[in-house]
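What follows is a set of structures to go through.
Next come two complexes, and both contain subunit A; in the first it sits with subunit B, in the second with subunit C.
Moving on to the complex of A and B:
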């Protein structure tokens, strides 16, 4: 009797886990919940941009009001500005990250130094964005570190005003924030390039430059693309930097979405969000078409994730 | 055609030009300093990350933080911080939220990660689960707000912050578990069964110890990502305030609150930086 009562729950438990092991419910269940949390909200946003607001209530009638007001109110200029700043910053990060990723993967021979640098690059993902950004005010402001230092040295007589609350300040503040997302994929793909390829290329008489252009660059394309995507995506919705360092002069899509939601203009906010997603989809498409000949996308996911 | 003398001359001119170009190119590309240039570019970017953080700590003990000049030094901002106390509740909420998100991430990522590695064609599920990585945080926050508040007319609060944090943290947690789980040799499980282990023992004694680094990583990532999440929380917070929202609101609106924010951020950094440094150092040193 005692044996059977002890054995029954265990058998039941192992039966349950055995089912979980083969997982008839986990994946479908996860997909349903995940779709409700992620996919459906995104689809609803696109749909919402075609409704209108009357007396602070959403009227479920098809309408292009939100899209028309996007153009008449000049908010589309914000989208263009956001795209320009996002692309500029992506180019700057790529310029900084590609040589560095190559050096870190192939040039840096000291393992502790490599681990130290990777640690330094990982930590920023977990830091509070607003307190990191607000410090730039103390550095760039008209009474801040750079201006008072330069004035003390006698280089300038009056503080340089464009250092803070300008597009320059926003760009400057973004350099550090968006660097790790660009450098990590590039570093990883560079590490995967076999050293013997580089040796073979040199043995066959290629100069380092030729090795770079004909061997390293084609092999590094997936990492570079992943870096561009992971940097461009958050840049398109940058919010903290323009708000804290732009001083109201650098209005980007993030602020527009925020202010539209505050004014209860839900369709406008939805249309702006749709613009962000559409621009990103377009950029992705262009990137894919540009590199399709050199690189097979279907293999990217199967190769990296088993 | 082969014996065409003009063609030969063209070819000779071509190789000559190529030689000329090649020589400069070769000299330029053979320069040994390129590695150092790459290193310096990266160190510049890393300095752009850590100089503000160092200044944050310095400014928190200086008289007038926004002037950028550290002297005279003072601890008065920490005193104000301690007597203020409004930040305690947001901090408490953020810590609890982080722990809950961490444990949920560990559980879900383990279940789903194991399942994905046992699928024949995991591509579709993988892409769907990684969608949030490709959607800007602010867009995701606005989408969740419009869906939950405007369309479903629900009362937002800590639960919706939790949903937003899960949307953000789970893809990372899943990737971490997948990296470990995809290296897992399924024959080990067969061996365990052959030796008479039941499913429960097979999981706890064979599979879990091997997956543990990935699961622990998922928990740590879950906590840290949730603890610092701002862009999504802003929209779906309802009346609630977490630590990053508190910092953001104070920094964005009230100049007089900035010194207190500096002090608070410094304390949080002093606690989290050593923990993170040791954790990642151990993680990457092993991997490297």
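Moving on to the complex of A and C:
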């Protein structure tokens, strides 16, 4: 009796939501709002890439100058480099976040410790990216903590120069920044996996490795996909770490867009932004095609509720 | 006609109308508030511009002439400045701009800058200011006076003398070759991300050493800039540069941490670094081939020319031509400017130590020495777009 009393308001809400979903205005309304807020600005950006700037002023005449300059100025190389680094970093984060997320969701039994770790993971969101990143200069620099320590211990005779102002430094600086965006979705999806599935797998004689491969990983795909998207997308626009730790040698699309905007070259910035969106759309398409047999995007966070 | 259109575009923004209405309401309201008249009488100006045009302590000025300044600093990024003036209408809220001379070539004809009223009674030091400063092309355009010269210098690079075997007194001319080509400094050079400065300094080096023939190192057509960038890319790939920096604070940090041996920075960065490292630890060079010669001008936004505090603005600008500002700028940043004799007199009248007075005299001598060599910068070169495109090749190499 108590159960039916508690279930009644839930059923009522569910009914209301179901009715809302059937209202003829919902889908067109969403499409209109989304088009105005997201798609239209995107189209304006694309359109802007076909204008040109002369002596700090935009000339509203159709032109391919901005697109041609992407190739003549070597900015296309930046797109390739950005994609390479973004994919590498996403893979690194996934490699680190998957076991960590699994441990946090299923291995860590202490609730206070779990809460503490989750709080720690949110720290990168508290700090301004520049403040967070600049600290590494004092640690990785030729007179920094690591080099000084190693020299003091006699491990090296001269500072290791590539620790700072290199691709290594940029990758290193990005690990902390983008770890939470990968680990949270994975942790969430792992938490939703019913422990009984794991127990059943063990009862049927599966080793921990077999349970991981045949039970956990398939069920975790939605979280992994979400993590990849939430990590890859901002990485494509990263500019703080490359600028502060790359020393100008790791120019990424974010820097290039910033540089174009600083010179009031809006068409060039628009063309670069279009490239970013195109690359992301392509990556997403590849992701969908690769996982279409195992995973439905529409059910990203409902897979474990079947 | 083009200029008229631009003028209209700048002045007749729709939000100006709204602002005007709001301003009327606010004025009416203000009249009813006790003490509002006293606040309005306060001599205050709002300034926006290059960090180093500031006095380190503006209270000195307030004590001297009774004017208070709210200064919003920016770096010397021409794009950011142009965007703030042209697109963001920052002149709506600011009374004076401080930026590298040359922006008036674009912003003057567009109607963003008011012409300087040379007869304003507050501008008492204008007539005695030497023509070499006040009639420079860096503060005028098309026969019109848009700017007041504030400070000037010849930029080159700072270095640790022991790293290049240079005379520690810093008085010898050092070749830019130590910056670009010396094996002793390989991998220990920091170069400014600003193409305006780094590209033209490289071009000047190549031109003066006869490696390339360049007609105008400060304003290069695409193919000419491309050759200069080819050279820079070759040097970058050879490992000459340790880092490509962006901000003044970064200059100070790179020198202060000894992360690099040479940097084409601003002179104040070496002074700031020496505060940490000790006197003359870093030296701002005299060079063989020349300098990026610049001056910072003060300009008045066209909106400010119509405001009630315009006389205070001129009083503020007059202060920039006077002895106190000149003395402190020379002492704290090593910058010269018009009427240095007033700076020296100020220092003597205020019983500054003898070495400080000599430093002011030396600052003038130093800038005179630098100004004898090439080249004057161009803040808004005609070929800016092509130069920036080529510069991207260097960044992306």
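The rule we apply is simple: the second predicted complex is superposed on the first by the 259 of 306 C-alpha atoms of A that agree within 3 Å, B and C clash if a C-alpha of one lies under 4 Å from a C-alpha of the other, contacts with A are read in each partner's own complex, and residues count from 1 in each chain.
One rule holds for everything that comes next: a contact is a pair of C-beta atoms (placed from the backbone, for glycine too) under 8 Å apart; a residue touches a chain by one contact, two chains touch by 3 or more.
This one's a predicted model, so the numbers in the text were calculated from it and none came from an experiment.
Colleague: For A:184, decide between first (touching subunit B), second (touching subunit C), both and neither.
Modeller: neither
Colleague: Scan A:72 for contacts with subunit B and subunit C and give back first, second, both or neither.
Modeller: second
Colleague: Quick one: is A:165 in contact with subunit B, with subunit C, with both, or with neither? Answer first, second, both or neither.
Modeller: second
Colleague: Which holds for A:131: it touches subunit B only (first), subunit C only (second), both, or neither?
Modeller: So A:131 only meets subunit B here.
Colleague: Applying the touch criterion given at the start, work out whether A:143 contacts subunit B, subunit C, both or neither, answering first, second, both or neither.
Modeller: Both partners, subunit B and subunit C.
Colleague: What is the contact status of A:261 with respect to subunit B (first) and subunit C (second): first, second, both, or neither?
Modeller: A:261: touches subunit B and subunit C.
Colleague: Could you say whether A:248 touches subunit B, subunit C, both of them, or neither, answering first, second, both or neither?
Modeller: second
Colleague: Could you figure out whether subunit B or subunit C reaches more residues of subunit A?
Modeller: Of subunit B and subunit C, more residues of subunit A lie in contact with B.
Colleague: Where on subunit A do the contacts from subunit B and from subunit C line up?
Modeller: 137-138, 141, 143, 243, 261
Colleague: Looking at the complex, which residues from subunit A come into contact with subunit B?
Modeller: 10, 13-15, 17-18, 20-23, 26-27, 30-31, 34-35, 37-42, 44-45, 48, 58, 93, 95-97, 99-104, 107-108, 111-112, 114-139, 141, 143-148, 175-177, 179-180, 183, 207-210, 212, 229-230, 233-234, 236-237, 239-240, 243-244, 253-254, 257-258, 261, 266, 269-270, 273, 276-277, 280, 284, 301-302, 305-306
Colleague: For the complex, which residues does subunit A have touching subunit C?
Modeller: Touch residues, subunit A against subunit C: 53-56, 69, 72-75, 77-78, 137-138, 141-143, 161, 164-165, 243, 247-249, 251, 255-256, 259, 261-265.
Colleague: Which residues of subunit B touch subunit A in their complex?
Modeller: Interface residues on the subunit B side: 22, 25-26, 28-30, 34-35, 37-39, 41-42, 44-46, 48-53, 55-56, 59, 65-69, 108, 111-112, 114-119, 122-123, 125-129, 131-140, 142-148, 150-151, 163, 166-167, 178, 182, 198-200, 202-203, 224-225, 227-228, 230-231, 234-235, 243-244, 247-248, 251-252, 258, 261-262, 264-265, 268-269, 272-273, 276-277, 280-281, 284-285, 288.
Colleague: Quick one: which bits of subunit C touch subunit A in the complex? Just the residue numbers, please.
Modeller: Against subunit A, subunit C makes touches at 77-80, 82-83, 86-87, 106, 187, 191, 193, 241-246, 253, 257-259, 380, 382, 384-385, 388-390, 392-393, 395-397.
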